[in-house]
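What follows is a pair of complexes built around chain A, which joins chain B in one and chain C in the other.
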Partner chain A sequence: MRTKRFLWIVARRVIRKIADGICLCGFAVPVFLPVVMVLCSSVKSEYELSELLSPILSSGTGEINWQFLSLYPTAGHFFQLLFGTPDFFTVFWNSLKIVSLILLGQLVIAVPSAWAFAAFRFRGRGILFLLYIMLMLLPFQVTMLPSYLVLNRLHMLDTHGAVILPAIFSTFPVFLIYRSFAGIPGELLEAARIDGAGEWSIFTRIGVPLGSGGILSALVLGFLDYWNMMEQPLAFLQDKTLWPLSLYLPEIDIRQAGRALAASVITLIPAAFIFAMGQEYLEEGIAASGIKA
Partner chain B sequence: MKNYRGKAVKGFVVFLLIMLFCTFVSRSIYAYQMPRVETDKAQRKSISHVVSAEGCVAAVSESAVVVPAGIRIAEVCVRVGEKIEKGTVLFRLDTEYLIADAEALEDEIVLSEQKLTEKKSDLKIAEQARQTERARAKEDLENVTRTQDLNVGQASRRYELAKNEMTACSPEDEGRYALEKAFIEAEMSLQSADNERSLAILEAQRRVEDADRAVTNEKSSIMEAEQELEELQEALAIDQGLIAQNGEVFSGIDGSVSSVQISVGEKTTDGAAMKLADGSRGWVFEARLTKEQMAYFNPDDNVTLKFQNGKNAVENCLVLATNQIDDDNYLVTVEVQEESVSMGDTGVLQFSTQEGPYECCVLLSAVYTSNDSSYVFVIREIDTILGTELKIVKRNVSIIDKNDTYAALEEGSLGEEEQVVVDSDKEIAPGDTVRPMEYDY
Partner chain C sequence: MRAWKKSCRKYRFNCRSRVLFLLPGLIGVSVFVLLPFLDVGKRSFQTAITGEFCGVDNYVTIFHNQAFLLALGNTARFVAVGLPLLLALSLFLACMIDRGIHARWWKAVYLFPMAVPTATVVLIWKLLFHQNGVLNGLINRFGGTAVDWLGSDASFWVLIFSYLWKNTGYTIVLWMAGLHSVPVERKEAARVDGASERQCFFYVVLPELKPMLYTITVLSFLNSFKVFREAYLVAGAYPQQKMYLLQHLFNNWFTNLEMDKMAAAGVCITVVFLVGVIVLQRLWDRKE
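And now, the complex of A and B:
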């Protein structure tokens, strides 16, 4: 009798797990599907791609017929991209430079800003924070024209500075980092002040280490955002030598679909690495906000 | 988790290093594969044309050496191109054949003389008969004329009488009808007599003419016989002359042998046995020019002749004539003052001319031709992700003149600052990315 009950409990748990897995997979598959399609298609031969994409390439009618497994898999597209397309590397390093400088700038600007909002109580703090949130909610299309005018006046158009400078002063990382700084108990800061620590010491020795999760989360999310940034380079960069990856991929002719897919895979890799490096902090940040809530 | 994060960091660093390596490799491969080109701008230039045409020396005039046909050649003493002087033995005929030929000619002459004599006596007899016949025919003519005149006279009188009677009778008279009938009959008789007279006189005149013509054929036959006899005598004289020279045929001029139509052991034919170029009147150089070469040729210009076999070149030669041989070729005859040349010497005729100046000239190596159209490749700077690069653009052009080095294009074909590709180390096509040629110094 006990054995039966025990088996029934185990079976129920297994069934529940399976059901949960199926249900979650059902939601996860559409999310993963595009990535899987890109990965599978990047090793398809040109012949297969031209056959599958013929409704787009030639006739313009009919439906695309897709297959996951390739009949004639090839690494030729990657070879062609990595050893025969030097302009890809130009845009790759441009993207890396832009993103690195933005994140570095945000570390310098956004972290102290978030600390100021979290650690200090000053007049107009609420209104200012509200303003930050409003700015965060404004789409790029709204701020594009004033940004263009300012950058033009500063003679920064058609330089990487036109993309980096506005992003450094983005309000989104301030908001994210503020949440982690806000979680530091005020009593700890008071205690540090009582112990004679200056504000800078409190910020660097207490605030930043305890808020590192939020900072790293902001950096990871910022990397993912700016690595795929498109509107700002399109609006402010005319010189093709300054273009990032996000503008290069649409330039690839659809007839070179293999190369475009290989470039997409390569573009995914840094983001995957960054996410892998910051996944823990992202999860901690999400979990911590949940607990606090 | 730290391990996982550490591996991710290492993996990312390795990825970046791989990307850095691939950056250099891809750039190297890209640069290596890129064609290198040499460019030049269009220039203002004159196009010079140096035309060379091969030809050979020919004589101003030629003479033929003719001997009787059917004589066997015993020896040919000269060859084509050999220089000869007046009195040089050209060839020798077999004297036995000459003697036999002369004897045959003598027999023919005898026969011919006999025939001529017979024809002359026949002519005499015929002449006498003719004169008799002529006198008779003349007498007949006179008689016929007289008789017919009488008949016509009678008919005419009857006609007049009938007419008068008819005129005198009034139309209401009963005998009018008979008079009219008689008048008509008289008129018809008159016409008939007239016609008869004409025919008879014509016939008599014909007989007189026939009598005159009777001896014409004999006369022409005698003339033919006399001519034949004369020819035979000439041929005999030639044969006798050759026999006296032991069958040797000499040259009558200074010059060179231009052609030999005979060979040892063969018999002579009716045509020229040899042709001799007369060197006393000088030499000419004949060269064949194409239609394209003639476009640059001006007969008033002086030309240069360069001979093979180490002979001196001759400059400033005068052009004597240009003749069209066919649709695409012309024969140019040039006077040659050089004494060292001889008949048959080969050489090259050269002349140069300058056309232009043209505003837009490029090296001929820059011009490509396909399907009767010409084009050049120009380079254009374009902005790419790698920076300013040079791309090849095809530009259709029209060639208005060219020589071996330069081509003149229609004005306005190319811009002043446009760089035209004149050379490349690889094949290029429109749209290709290229870079300037580098030279090792």
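And now, the complex of A and C:
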């Protein structure tokens, strides 16, 4: 009787584990499907693609009969894109420039700001921090007009500065980095002060090394978000030669699907690379953003 | 006396160096966000061209504006359907990941869409949801009737799908942080007292997750504004009616330089936003 019950419990556990596994795998299919589709079709030849997409292109009848595997895989689109399309390089370089300058600027601005909030007690600190959180929560659509007015006055519209500068002063990284600085015990800083360390050396020798996790989290989250940045360049950059990848890519006509797919894959590579390298920091960053201030 | 003076000077220097940490950021935030934002608040009470004071006229105008009401309704509907779906789905998956093995690996799987730039999948979205696209192909094969996903009211579900696809991983990580904060002793005590797995979840774990629910709701709501990226890239500035969100409207107002409406609507949204956040916080603080 007892063994029977024991077996029943074990069996139930095993069944639940299997059901969990099936469920998790099932939901993972739609997660990966779009990316797999991009990867698979980017190596299809021009002829194969036009055959595949004919129901859409000619707006005729019949549905796409999707094939994952290609009969004659080719890297032709990538060659054509990398060696035959100079404007792709311009756009790729734009994206890289925008993202790296934003992240660099955020390091210079946000890290000391976060340190000020975490390490010092000054009058108005609470109010100011609340204000920073409020600003972090406002969606871009609300701040679009204010930003436009300033950028217009500074004559910066239609330059990369229009996209970069407001993003540098974003308050989200301040909040994120603050969370990791706030974990440093105050006694440590007090001890350093008594030993005669200046504020700057406390910051660089104690704060930055101990808060590096939060800083990296902010960088990883920032990279993924700004690599995908669309609203700001759409509003502030009229000149298409200044556009980042995220706007250029959808402009490619579906009739040139091969080129568009190759460009999609190349756009994905840096983001996927950062994701793979910084997954741990990404998770930490997300979890930190969820802790109540 | 001398020593006192010295320490005083040192203290003052310290104070000044402390200010230097915050000042550059504060100046930037003020110049680029705060002051212009106040300026917009002022503009919302002025006419667009002449800048004369016109009271609440702009506010009256937007609430009689067909496009604004449509966009507002759609956004509200999107949030009302999408947010609970996202929260439930990600909690469900988070629980399964949490009690299973390879948690790290599974988290990475579901986080992956965060790393995929919208531009990368736009083409695939078009292939999937086109009238003659892959999804309709599947539906036909299983004997259903094809739906014009981007051209009919079904476009709403394309939005929801995009939102879930992009944000489930993010929310799973947040939920899991919450699940880890539930004390193991409490769960064990409930189990020892004979609570079933389900009872344990509903009566022990779920109440503990309440404070987390507040932040997750706020953050997911914020992320819901980013669904504009998919919507805009797939369907353009004037998509099917059910897909027309406040973000589209702001973008179009911006293109037409309708500053007065933007200012008034911006102020309205900000107020709703702040009130919403404060009310939510109060609500959850009281229940704790």
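To be clear about the criterion, the second predicted complex is superposed on the first by the 249 of 293 C-alpha atoms of A that agree within 3 Å, B and C clash if a C-alpha of one lies under 4 Å from a C-alpha of the other, contacts with A are read in each partner's own complex, and residues count from 1 in each chain.
We adopt the following convention: a residue touches a chain if its C-beta (ideal position, glycine included) is under 8 Å from a C-beta of that chain, and two chains touch if they have at least 3 such contacts.
Treat the numbers as computed from the prediction; the structure is a model and nothing was measured.
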Following the superposition defined at the top, how do chain B and chain C come out on chain A, clash or fit? fit
After the superposition on A, what does A:L145 contact: first (chain B), second (chain C), both or neither? second
Just checking: does A:K240 make contact with chain B only, chain C only, both, or neither of them? Give me first, second, both or neither. first
Taking CA centres after the superposition, what's the angle at chain A between the directions to chain B and chain C, given in steps of 10 degrees? 100
Which holds for A:A116: it touches chain B only (first), chain C only (second), both, or neither? second
Chain B or chain C, by number of chain A residues touched: C
Check the residue A:L249 against both partner chains and state whether it touches chain B (first), chain C (second), both, or neither. second
Would you sort A:P86 into first (chain B), second (chain C), both or neither based on which partner it touches? first
Quick one: is A:I274 in contact with chain B, with chain C, with both, or with neither? Answer first, second, both or neither. both
Chain B to chain C: minimum CA distance in the overlay, Å? 15
Identify the residues of chain A that lie in both the chain B contact region and the chain C contact region. 248, 274
Once bound in the complex, which stretches of chain B touch chain A? 1, 4-5, 8-9, 11-12, 15-16, 19, 22-23, 25-27, 29-30, 383-387
So in the complex, which bits of chain C are touching chain A? 14, 17-18, 20-22, 24-26, 28-29, 31-37, 39-40, 93, 96-97, 99-100, 106-128, 130, 132-134, 136-137, 140, 146, 165, 168-170, 173-174, 176-178, 211-212, 214-216, 218-219, 222, 225, 228-229, 232-233, 246-247, 250-251, 254, 259, 262-263, 266, 269-270, 273-274, 277
Residue numbers on chain A that touch chain B, as the complex places them: 82-93, 96, 239-241, 243, 248, 269-270, 273-274, 276-277, 280
Would you pull the chain A residues touching chain C in the complex into a rising list? 17, 20-21, 23-24, 27-28, 30-32, 34-35, 37-38, 53, 55-56, 59-66, 108-110, 112-113, 115-117, 120, 122, 128, 131-132, 134-135, 137-150, 165-166, 168-169, 171, 174, 198-200, 203, 224, 227-228, 230-231, 234-235, 245-250, 254, 257, 260-261, 264-265, 267-268, 271-272, 274-275, 279, 282-283, 286-287, 289-292
